[in-house]
Amino acid sequence: QELQQFVVNESQKARIQSSIHTLTDTCFRKCIPAGAVKKGALDKYEEPCMRNCVDRFLDANLVVLRELERLRQ
Amino acid sequence: QIQQEAAMQNARMLVEKLNEHCFERCVPKPGSSLSSGEQTCFTTCMEKYMTAWNTVSKQYVARIQQESQKGGLGGGTF
Amino acid sequence: QIQQEAAMQNARMLVEKLNEHCFERCVPKPGSSLSSGEQTCFTTCMEKYMTAWNTVSKQYVARIQQESQKGGLGGGTF
Amino acid sequence: QELQQFVVNESQKARIQSSIHTLTDTCFRKCIPAGAVKKGALDKYEEPCMRNCVDRFLDANLVVLRELERLRQ
Amino acid sequence: QIQQEAAMQNARMLVEKLNEHCFERCVPKPGSSLSSGEQTCFTTCMEKYMTAWNTVSKQYVARIQQESQKGGLGGGTF
Amino acid sequence: QELQQFVVNESQKARIQSSIHTLTDTCFRKCIPAGAVKKGALDKYEEPCMRNCVDRFLDANLVVLRELERLRQ
């Protein structure tokens, strides 16, 4: 049973890791202008854009899940 | 050992994505060597991608904790 | 149980792809909250993506059946 | 042996599911114009476009498989 | 048998990628049948993709061998 | 132990195969102009472009790995 819990935890962690990679991929594309990169740090437009991008993505995710919940009933 | 494997997998994924994005942006036309401009672009881009990854991780984890305190839908869904 | 796992996996994939496409289209510049316009676009886009998925499923399954009746190459290849 | 058949069937089903996701992804991109989405239903251009897209993709698939068959001989 | 499975997996991946690229390029607007122009484009594209795959394989393997002779970082890293 | 070596070798081979697919994907996009394809062979611009693309990608890969090594110390 402990083993089962361990497997559940690990696969949840793996899913979180994978979401973080997807989000970084999506938001980098959206927030960092195309073309050559000049500075390693995120500038004052890019940084809040990345954070907003994560939050809006998760908001949108909730919209989908609520809608699916509603359709199932 | 499973955890170590997971950490490796995670690092590998980061390097893969980072290469993909930065190669796309920094090497539009691959020539017979990596120019110093391309190399600088690459190092900078790498730094930026890792910073972005950190920002996303923090924001995402903070949000999960916030949602799970509220309980309800957010709890097990992300 | 394997079948249930597969159904979950399938639903997860659908939600993932749907999020990807609709976020891309409906939220070009992420702001400090999801505007009502973005929210409407998202619900509509979601509906459209699911309709599209259904259309594709039907067309695909019909085609497989058609090909497997003809026999030959099409049978086991898709 | 029944178990083996079950595994074969399940992995075939999984492959079909995965093809449906790929096709929806590709054809949505091709048939639904970029930008904000106005209507949930598929309009009279989008619906046949999605269906044709599936069929032409599978036609093209057959072209490839026939060609590979020919090359192997 | 594991090796055979790997070869199958490899061929499947090649066909998948090839379809993706060539469908994208050769069938911009899917009509009620595959036109002969689309069909020719597809066969040509397929040939080109497989040639490209061969070129990449050779170049990649040559590079790995070269790096592993030099030893050091390059050895186990790709 | 032989089995273990076999598994290591196979998974290394699988990783190489997967890299080759990714590289072909990326470099095809970069080196072969968009739109309909006219000739099956690689022309005198495309062929060296594909080869350079592989080498520059691996160079860039080394830049990343060296930098990560440096950061870890």
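As written, the chain order gives the labels A, B, C, D, E and F, with residue 1 at the start of each chain.
The rule we apply is simple: a contact is a pair of C-beta atoms (placed from the backbone, for glycine too) under 8 Å apart; a residue touches a chain by one contact, two chains touch by 3 or more.
If you're wondering where the values come from, they're calculated on a predicted model, not measured in any experiment.
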A correct list of chains touching both subunit A and subunit E reads none
Contact steps required, at the very least, to link subunit A with subunit C come to 1
At the largest C-alpha centroid distance from subunit A we find chain E
Maximum distance between Cα centroids and subunit D occurs for chain B
Check: chain pair from B-F, A-B or E-F whose contacts match over half of those in A-C is B-F
The pair out of B-F and E-F sharing more C-beta contacts is E-F
Whole-Å distance, C-alpha centre of subunit D to that of subunit F, is 27
Here the gap between subunit D and subunit E, centre to centre from mean Cα coordinates and rounded to Å, is 19
Chain-centre distance (mean CA atoms) for subunit C and subunit E, in whole Å, is 26
Chain-centre distance (mean CA atoms) for subunit C and subunit F, in whole Å, is 30
Subunit B touches at least 2 other chains through residues 22, 26, 43, 46
Among subunit D residues, those touching two or more other chains are 27, 31, 55, 61, 65
Around the ring, subunit B then subunit F onward, we get B, F, E, D, C, A
As the complex stands, subunit E meets subunit D at residues 15-16, 18-20, 22-24, 26-34, 38-39, 42-43, 46
Subunit A contacts subunit B in the complex at 10, 13-14, 16-21, 23-25, 27-29, 31-32, 34-42, 46-47, 50-51, 54-55, 58, 61-62, 65-66, 69
Counting only contacts in the complex, subunit E reaches subunit F at residues 2-3, 6, 9-10, 13-14, 17, 21-22, 25-26, 37, 41, 43-49, 51-53, 55-57, 59-61, 63-64, 73-74, 77-78
Note: in the complex, subunit F contacts subunit B through residues 22, 26-27, 30-31, 49, 52-53, 55-57, 59-61, 63-65, 67-68
